[in-house]
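Questions regarding the structure given below will be posed in turn.
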Amino acid sequence: MPVPAINLYPPFNILRLSHVDYGVTDLAASRAFYADTLGLQITHEDATRITFRAMEERGHHCISLVKSDTADVRALAFKLFDTPDLDKAEAYFKDRGLPTEWVERPHMDRVLRTQDPWGIPLEFYVRMDRLPTIHQHYKLYKGVKPLRIDHFNMFSADVDASVAFYNDIGFRVTEYTEDDESGKIWAAWMHRKGGVHDVAFTNGLGPRLHHTAFWVPTPLNIIDLLDLMSTTGYVDNIERGPGRHGISNAFFLYVRDPDGHRIEIYCSDYQTVDPDLEPIRWSLTDPQRQTLWGAPAPRSWFEEGSLFKGVTPRKSALKAQPIIAP
Amino acid sequence: MPVPAINLYPPFNILRLSHVDYGVTDLAASRAFYADTLGLQITHEDATRITFRAMEERGHHCISLVKSDTADVRALAFKLFDTPDLDKAEAYFKDRGLPTEWVERPHMDRVLRTQDPWGIPLEFYVRMDRLPTIHQHYKLYKGVKPLRIDHFNMFSADVDASVAFYNDIGFRVTEYTEDDESGKIWAAWMHRKGGVHDVAFTNGLGPRLHHTAFWVPTPLNIIDLLDLMSTTGYVDNIERGPGRHGISNAFFLYVRDPDGHRIEIYCSDYQTVDPDLEPIRWSLTDPQRQTLWGAPAPRSWFEEGSLFKGVTPRKSALKAQPIIAP
Amino acid sequence: MPVPAINLYPPFNILRLSHVDYGVTDLAASRAFYADTLGLQITHEDATRITFRAMEERGHHCISLVKSDTADVRALAFKLFDTPDLDKAEAYFKDRGLPTEWVERPHMDRVLRTQDPWGIPLEFYVRMDRLPTIHQHYKLYKGVKPLRIDHFNMFSADVDASVAFYNDIGFRVTEYTEDDESGKIWAAWMHRKGGVHDVAFTNGLGPRLHHTAFWVPTPLNIIDLLDLMSTTGYVDNIERGPGRHGISNAFFLYVRDPDGHRIEIYCSDYQTVDPDLEPIRWSLTDPQRQTLWGAPAPRSWFEEGSLFKGVTPRKSALKAQPIIAP
Amino acid sequence: MPVPAINLYPPFNILRLSHVDYGVTDLAASRAFYADTLGLQITHEDATRITFRAMEERGHHCISLVKSDTADVRALAFKLFDTPDLDKAEAYFKDRGLPTEWVERPHMDRVLRTQDPWGIPLEFYVRMDRLPTIHQHYKLYKGVKPLRIDHFNMFSADVDASVAFYNDIGFRVTEYTEDDESGKIWAAWMHRKGGVHDVAFTNGLGPRLHHTAFWVPTPLNIIDLLDLMSTTGYVDNIERGPGRHGISNAFFLYVRDPDGHRIEIYCSDYQTVDPDLEPIRWSLTDPQRQTLWGAPAPRSWFEEGSLFKGVTPRKSALKAQPIIAP
């Protein structure tokens, strides 16, 4: 089995993914998409930046949009368990020769910025401003009624190496796709917070961000979003779905924001808190791993992704995804 | 407007579509599909024939399967309002030079068999055996929890003529697609029972039966069926969907039975009992008429249909459906 | 069986219930309830009157609220099939010595006002202003996402007589409760449009209007309304439910408007277009006829109702409803 | 605030609740309830014992039923993170003078049995037999489609003390009810696995087990169960619901098994992995803490609970729950 053994005692304690910082070219267009269409709640807004939270979140934000000349991704951020974990994280990345710095971020206390070996910008913090609960303010629910950020999915040019690195800092593989010929991992889903994943990696031109996902309670919320988007000028922003992935069992929908950043709406995965949870293996030749049922994914879904600011992706040595013509 | 004026006082009173008689090549395979997978209830079964009803129906059956050497359609049947309507129907079809005969059918009283001008075999009756209610026998619900038969959809080589004929016997157009260039009706949805349709006609090699539809209460029932079919060996029987049609507003799924007969699972259309309900016009060039949202239909969905036994379809003079490559 | 035989050829053709005219004491409060909370769409508004339609309706309104000193009900209105039915209706009511008059009503053509033998004010029309479709304007959907008006439910001091009268004008009994001791009908559900009922009558101090019902697609819409009402100051307006009635199989919720008019939100009944549909009999001693499951109804639900303007209700000779202490 | 500060570094690492051992008087009756009605999957069955798992669980069981002369509770069991946690747990309980023993349990490796200071029998383990996944075997889903065990709820005669004890071993308070007069905690919800609770305590004659809860994906699954139970002879086993709790935001249903053990079916709480998650305070005088909406709970729900075998409950010094007459 190519999946590394679970790392029960990682060097620092990552609690969960926290938020993504996107560069967007038109704040008003993005606001209409994230707030009025998806239904995320605005928690800060000024001339250059808007932040949002989902309905059950109490941290200040799960998405931060910054006005930018080009669409890009500025940081993937994670919340750590306790204050000492910040210093342990700094030591860990320094030891591996990766750049670290303490950066100022609005609404957060100390923030450590670093990157993974392939250049993905990572930020870690312990304390973010906490906001009053709104999960029972039902009047505010709209759009897809997003409850919380769920995961990041990234293209990697060397998934085996990505999995080894993220396993080393405590992410646990729940499911993975293996290339039967080479024995290499073609894709992997890895978690910290007890769902199928906080981060996932798929073979391809990388590093790039494939999508950020939000969790909703039922497939009907996703159908409501489809009805709304298809009758408010967003029909072309619907990229793939609805369908169910074999991997993760998720009922999914993929939409693109006005800059092309891909957002997944997601429900019905499962709890994964057991450290002896056996990773589920899927063969690259099994089409149901991707699509338990539903139409085949369009080519754009396989090929397009968001660039991390200042990071040039490189080709994978593995062959490209076998796209099944719809 | 190419749609004929509503015919308030038709020559005889058709209440609703009632049932379809399919010829199938393997009764056991069909039984597994209709009973164990879709969840229809068996109401009669012998060596050559199986009948089914849906959960809220009290008439004996909505589908009859007959063992056959080749897959085909033997009859589309309709329930009439009252006994005199049977004789009025006979007179009507005779007047138009169409063949009529009184046939013996199990579980039914007098049955008039005739055909439309293009050869579609039609059967009319007033009384069918009535069965005890089972709609509150919740233990019996399974599969997609089908509640009732909803409509027949047919290919027609001359939709204008089909609409004129069925309008004459009382079917009312609720929605239609117009070919802007020719001004001809490209497709039409026509009802008797107060929903969007009991019958529909689409331009193409006809007459052929495109599908028979069943009504279910919510999209979640359809998602349950997809989960079931994709994990019990029926994944290749899923042809199209889920999605929403612009026309009729239906949330839909199309599946194929073991002989290739197409079944639609359908919900969320609307009530149409007002005789002054304005038909909704769609342009043939509007892709959302077919797919408000959802993946494009596969080629098979546009081209394949069930043959009526003994009836050779002919080509339409109109150009073929503009298939949008997915 | 105490239910009268079905009347296949009534004296005039009632299509369906159409709308209710309520007198309300505070238009602004009612607007907040019907538009902002239930999600009905305002189609007319002036200083003394607001009208609403539900999402799939194309007639101008299904509720009309008139500023009034006291809360009351001004009319229950029905749409007739064709123009001659208006004159036939006038003749019918005149023949029975019931008062008839042709009244002016905004948004409608000729309107016949009359009353049933116990004083319930009835209005009949053929043509009402037709509005553009909004059922696919998904941005407008809110609250409980009401799709259409479904039925009126009335207290009657003599249900046997009410059933006989409404049967005579074409309403068909679908289900009824029988008092086993007296053999009298204790309650009855009667339809024209193909659902379980357009009108229902329950034994009690009558005539009074027990409730007006709206149809929604799924129980989840009702749960959304409960969440909304319980967190926006309307928790005390929730009277009964959610639950399922044995009778009609409806998943239900009863709420009270600011004047106490009772509104039912309703889904999952069944189609009833067959004229040979057997009425379902329930015994008055069967608690599941009322509540297949769910908490017992509160006393207010059994006892309170809206008065018809100018009509003094009288006591029923039958004993009161056996209230099951919750 | 009466809630103790979060204990970030507990003496041993409890992962989650795992299973309950019930004594039941009629195994066949319990089997019909848990397997055929709720839809749990049987994983072991012999003349004296049946075990079950829910659909997404891979551990051998979440409920174990043992044939018994009287209905009771034999153990509440928890899974620990890693092998050393077992020895740390033994030391912890020994230090506090609580009885500990290593017991043999089928399907599990080393099991530590102990009790809390009030006699609640607790069992801890690290390894239980792991079973193949069935979460995508959709043909097996039935009843309420239970996905996983969610929590235990117990009566405590001293909730302040219970909270202090369980906080000490790492359970974190997410929500609590405070008696404004005394300043004492009236009830508390405490978690390990990242939901609102693994255990909860409510003031009352204790210790007793109020209920064991299962998590389902949507309210519609709960409505399906209500339909099923109310038409298969289990209508009297429905005790309370459906409704929504203010506390935890759960959509809930309470049913009683054939011995009276109470089972909650539960969905729509929220994720709680942040250690700085602020406990939500509710006042004992706020009726919406219990019932955001829904009928008042019956007296049995407040008063009845399952006895722990051999443990005599004692009265609480606090006054009884203010029962709101329905």
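First chain written, first letter: the chains are A, B, C and D, and each begins at residue 1.
Keep this in mind: a residue touches a chain if its C-beta (ideal position, glycine included) is under 8 Å from a C-beta of that chain, and two chains touch if they have at least 3 such contacts.
Note that the structure is predicted; figures quoted are calculated from it, not measured.
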item	value
Chains contacting each of chain A and chain B, listed by label	C, D
Chain whose average C-alpha position is farthest from chain C's own	A
CA centroid of chain A to CA centroid of chain D, Å	33
Distance from chain D to chain B - Cα centre to Cα centre, in angstrom	50
Separation of chain C from chain D, taking each centre as the mean of its C-alpha atoms, in whole Å	44
Chain C, residues touching no fewer than two other chains	136, 218, 220, 227, 230-231, 292
Interfacial residue positions of chain A with respect to chain B in the complex	218-220, 223, 226-227, 229-231, 235, 238, 240, 242, 244, 251, 288, 292-296, 298, 326
Complex contacts: residues of chain B adjacent to chain C	8, 15-16, 56, 58-59, 79, 81-82, 127, 130, 133, 135-136, 147-148, 193-194, 217-218, 220, 246, 249, 267-268, 270-271, 273-278, 280, 292
Contact footprint of chain C on chain A as seen in their complex	136-139, 218, 220, 224, 227-228, 230-232
